[in-house]
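Got some structures for you, see below.
Next come two complexes, and both contain chain A; in the first it sits with chain B, in the second with chain C.
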Partner chain A sequence: MSPMAQAAVEHYVGLSKQLNSSEVNADVVTARQRAQTVLLAQGFPTQRDEAWQYTRLVNFVQKRFEIATQRPDSTVDLNALQNFLPPLSPSFEVIKLVFVDGCFHADLSDDLLSLPKGLTIQFTTAQLPDEKRVDSEAFAVLNQALLSDGFTLEVSQNSAIETPVWVLNIQTKSNQLNNLTNQVQVASNAELTLIQQFVTLEGVEACTNVVTHVDIADSARVRQAVLQQQADASFYFHNQFVSQADNSDFNTFYAGMGSVLSRHQNHLLMNGEHIENSQNSACLARQKQVVDSRTDTEHNQEWGASRQLHKYVLADSAVGVFNGMIKVDRLAQKTDGQMDNKNLLLSSAAKMNSKPQLEIYADDVKCSHGSATGQINQDQIFYLQARGIPRNQAIEMITKAFLMEPVETINRSEVKKWVGGLLSHALLTGGYFSGGEA
Partner chain B sequence: MLLNIKNLQAEIDEKQILKGLNLEINPGEVHAIMGPNGAGKSTLASVLAGKDNYEVTAGSVAFDGQDLLDLDPEERARKGLFLAFQYPVEIPGVSNKLFMQTAVNAVREEQGLPPLDMFDFDAYAKDKIELLEMRPDLLERSVNVGFSGGEKKRNDIFQMALLQPKLCILDETDSGLDIDALRLVANGINTLRSEERSFIVVTHYQRLLDYIKPDHVHVLYDGKVIKSGGFELVHELEENGYDEIVKQHQQA
Partner chain C sequence: MANAEKSTELQAPETQYEEINDLLDKKNQHYKEGFFTSAQVETFDKGLNEAVVRAISAKKDEPEWMLDFRLKAFKHWETLEEPHWAKAEYAPLDYQDYSYYSAPTCGSCDSESGSESEVDPEVAKAFAELGVPILGENANIAVDAIFDSISVSTNKREDLSELGIIFCSFSEAVQDYPELVQKYMGTVVPYHDNYFAALNSAVASDGTFVYIPEGVRCPIDLSTYFRINEAKTGQFERTILVAEKGSYVSYLEGCSAPVRDTYQLHAAVVEVIVLDDAEVKYSTVQNWYPGDDEGKGGILNFVTKRGICEGKNSKLSWTQAETGSAITWKYPSCILKGDHSIGEFYSVALTNRSQQADTGTKMIHIGKNTRSTIISKGISAGHSDNTYRGLVKILPSAEGARNFTQCDSMLIGDQCGAHTFPYIEVENATAQVEHEATTSRIGEDQLFYCKQRGIREEDAISMIVNGFCKEVFSELPLEFAQEAEELLAISLEGSVG
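Right, the complex of A and B next:
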């Protein structure tokens, strides 16, 4: 590890110890201490780590992000946020939870006393999931070392929660590490739609480090959308540890539309038979942004079906990284796994690093993976021009259509429409086409 | 005169394809351009539509009194020039509806007309879909994605019907069509004929021309028109092939 990275590790371990000095929950103290030890031993990944080869942390380890000391922070300008909120809000009914600078804000959120039957939401660091996989991800370890905020959402058996839960995370201050640990537990035959949105005020340079544990019991159904729209100088790391039981269905969509460096990871265990899931993403990057999305899908039992479509649009000298692994255990016969990654480069300086992988130990399976990267087809542009559509508009139409394909996998039509609108707005107003090269 | 091509010379990848081509077209006329492979037929169509990998090295093209070569492809389309592609392009994710509503409104803007909203456009398009016997779900589908060769070419004719151009250039629209598809395409073209609208039908075969019955037929060879005549020239070519005409041209 470089001296710079070593100093960063010590800085965050120091913050963790500081949190522990005033902690009353012994389990939390223990968890943080354990994470401190792991973080000190493993440090932050370097370019030599294969999983971080194209997602360099040099800029991150140079920073010394702090954690909010005042909880909740009384200096936050609520009036400013009241003005900031409406354009972001979905046009459909939601159960709204708002976090500001990492702390839950009851004033901005819906009344938690009137939640639908079968849904409970808490903000205490409740029972910690025993998650060995956390140790293999530096930012999940960091998350545990700084364990303090987040939500715990439970849906009881047979409860279908019709109204989507919308968790909006707003970062208003620079130089802060917004550390969130979320737990979602959906019991047998229950159903939930969860939207997690990450935004910052304009110009904020902060770091959001999230771990979301999702536990899906047998025959339960979970639909999730994660929208990342942070300001250009911010960082975003999100590790999702998901486990699914028999006959359950999980559908997750990630939209990466911001941050200088962002990395969204699904670690998905299919620990039952007849499990279905769909993991999709649409990512946009320009200038020198690095957008990284990866999935690790483990088929561990028979008759599992997993679907994936990940699309990137990269402008200027942006870098995209996709890494997907489908692992099929020898017990997981009749597995049906499909993973696709398609990327559109709007400039010749943009780069895509794609690595779809399969590791198959069963013999009766159907698995495929593919990746394609290219620029817009000139014949397509000319075809639209030849019908009277100006070149710039033709490029925008083709790019938007390309990016929208994975949005089609979102099950609920109102969520699909809203997410599609956000992505389209980001693409058409975010300066992706100003380079003029296509 | 609607189109006046004088001494047109054009090259691609530094290889000269058009070598001084002349052609005059009046409103309402249907001209067929025939010729062996490599004569420059498709190059002529592409140059007129403004495809940017062709470079015009000499000559002029006046379209409706304007310098056509000075215009971007989209400006040419807005002013009433239409190219039906030899290979219509697939555009995944862009619906025919979005595509054609945008295109129709671009042309209307040029003509100083207000844009058609969704409902007006639907009604306008529905008539043309019925006229051309297109599949009813055409507008909802992505442009040409999953279409057979015949359906793609008919989709181009459908676009032509919507845009109501002054000059329609059909670049080997008949190639690869079975007899039924050919008849549908030909009917589509015939229903669009009018006293103001002119056609350039680029083709290798006489099949389509039997349905369309062009007013003028030109033989293109080695980048030039080497013979022009009426519809009877089509049958002369059918019987004798291009060899005879090429030989006469080379001796002359």
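Right, the complex of A and C next:
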């Protein structure tokens, strides 16, 4: 480990110890201590680690992010936030939960006493996660070392929660680490729509490190959208540990639009028969942004079906990283797995690194993956120009259409429309088209 | 005629092949090349140190620069750690437990690399049994036969030299064409490239050296046949192939080894240099001993093969049929440096029993409008693991580069694994890179269709597998394609039932 990375590790272990000194829950103390040991032993990954070959942490380890000491922080200007929220808010009915600098903010959120029947939300430190899965990811270990905030959301058996739960995370201060550990438990035959949105105030250089555990019981249905729109200098790390039981259905969509370095990971276990899931993403990056999205899908039982479509639009000298793995266990006969990654490079300095992988141990399966990277087909531009559409507008139209394809996989139409709007806004106003007059 | 001779030899009562017969009766019926030749040999003691490296060099009477290259590589190798990132499980090797030099000797023929008349009769017999025409009986092919550490025979050299083509063993090239060897050795695969390349550079045994002069189209296929015979020996051949401007050559290599119950090491380095407008077709049929049914023994095939398309419009095509070896770690690569150069990789890798193969290619696009095609077919059966691992890298300078990759895997049985690990790195927006991979098995309806028409299940499977591999086999030279098909059928025997 470089001295710089070593110093960063010690810094975060120090923060963890500081948290422990005032902690009353013995289980939490033990969990943090365990994570400290793992973090000290493993350190932060370097370029030599296969999983971090294309995603360099040099900039991250140079920083020393702090955790908020006052919770909730009374210095936050609520009026400013009230003004900040409206443009982001969905136009449809939601159950709103707002976290400011990693702390739940009751004043900005909906009344938790009037939740629909079958839905419970708590903010106490949740039950502790499976260590083995956590230890394989440095940022999940860090998350556990600083374990304190987050939500626990439970949906009881046979309850279909019609209204989407919208969790908005706002970072208001630079140099702060927003450490969230979330638990989502959806019981047998229940249904939930969850939207997690990560934003910062303009110009904030903060870090968000999230771990979300999602347990989906048999025949349950979970739809999820994760929107990452942090300011350009921020960092974002999100590990999702999902496990699915028989006949369950999971649909997740990730939109990566902000941060200088962002990494969104799904670790998905299909521990049952007849499971279906769909994991999709649309990522946009420009300037020196690094946008990393990865999935790790394990088919462990028969008759599972998984679908994936990941699209990237990269401008300037942005770097895109996609890493997907479909693992099919010996027992998972009749698996149907499909993973696609398509990338559009808008500038000659942009880079794309794609690693779609298959690891298959069962013979009666249908698995495939595809990856394509290139620029806009000149014939397509010509086609539109021939119909009187100016060149710049033609390029915008084609790029937008390219990026919107995965959005189609969102099943709820109001969520689809809203997410599509946010993405196209980010694309059309983000400076992706130099000299373009739309 | 050659065949008639061969069979009478084999029926001789005092046959040397008792050992194979014993072995074949018990197990390993799937590996017909598994016999052992008991020629008189000179073998170095086990162990690897600087003295051994010097001794190898002295044995070959090498010039100073070659010894320096070896020592430099050996020093570097000592600082490295054995890589284990491939998807194959094996205990770390004990490099002191191998012998690094073994050569057949016989009373009458004392020279290092015998000419056609001086081959040890036992060795000649072994090659005859393998069907390798070392005596030049086949008009369409020139053969360099390598037995353990040395090249025993290279035929048709005179005919080729009339065209200015150099086709000789690597050791001879070091003596006779030092300026060419010095100019090209280590330029494509430097000694510090990786662990096994460093080891090879230090203890390189023999190999083939091919030089095609400007504008010459090599009229016959050039071929090298590698045979590892001694137990506990490593083979570390070094092959250099240079195609000057506007030339063409088709080069083939084949390999086999006797049945042994311990791992044997094969760590080769192949360097191919292709200049302006030249074309090289490099085909391999790899049939090293794959180990027995329990996964005991077999060849560890850790090979670094790399070619550079140095010149404009040059073309390098790798075709491989991999059916042997206990563990394969092999990525024949193309560095597409010249503008408009073309790289191709066609591969069929079949694993059965407890074989583990981690193979693929690297296509590094540097020049403008460079194109590459990768077609990889993996077939896994038994308890084996078959992995495709490939890199396609488009550098910022590679305007208009184009790549197409297709990886198809087929699983036979539910105890094997098929994996695909592609790495795609695109740094130029004008590039177009496509990758697709599928995994499937032989469909029940396909089998039913064939059986309904009176085709036995085994034959149907063989037919379907051959159809699956056709795109690759059609790239192999004719005899090789046939050999590969037959090998596939033999290797698949017993995998279905």
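Operating definition for what follows: the second predicted complex is superposed on the first by the 433 of 438 C-alpha atoms of A that agree within 3 Å, B and C clash if a C-alpha of one lies under 4 Å from a C-alpha of the other, contacts with A are read in each partner's own complex, and residues count from 1 in each chain.
Here is the rule we use: a residue touches a chain if its C-beta (ideal position, glycine included) is under 8 Å from a C-beta of that chain, and two chains touch if they have at least 3 such contacts.
Just so it is clear, the structure is predicted and the values come from calculations on it, not from any experiment.
Of the two partners chain B and chain C, it is C that touches the larger number of chain A residues. Shared-chain residue A:D379: touches chain B; no touch with chain C. Of the two partner chains placed by superposition, A:D111 touches none, neither chain B nor chain C.
By the touch criterion defined above, A:I389 lies against chain B but remains apart from chain C after alignment on the C-alpha atoms of chain A.
When the shared chain is aligned, no partner comes close enough to touch A:E202: not chain B, not chain C. Once chain A of one complex is fitted onto chain A of the other, the partner contacts of A:I398 are limited to chain B, with no touch recorded for chain C. When the shared chain is aligned, chain C comes close enough to touch A:S354, but chain B does not.
Chain B meets chain A in the complex at residues 49-52, 72-74, 76-78, 82-83, 85, 88-94, 98-100, 102-103, 106-107, 110, 142-143, 159, 163.
Note for the complex: chain A touches chain C at residues 50, 54, 330, 333, 343, 345-375. Residue ranges on chain C touching chain A, taken from their complex, read 85, 396, 409, 411-441. Chain contact summary for the complex, chain A toward chain B: residues 377, 379-380, 382-391, 393-394, 397-398, 400-402, 404-405.
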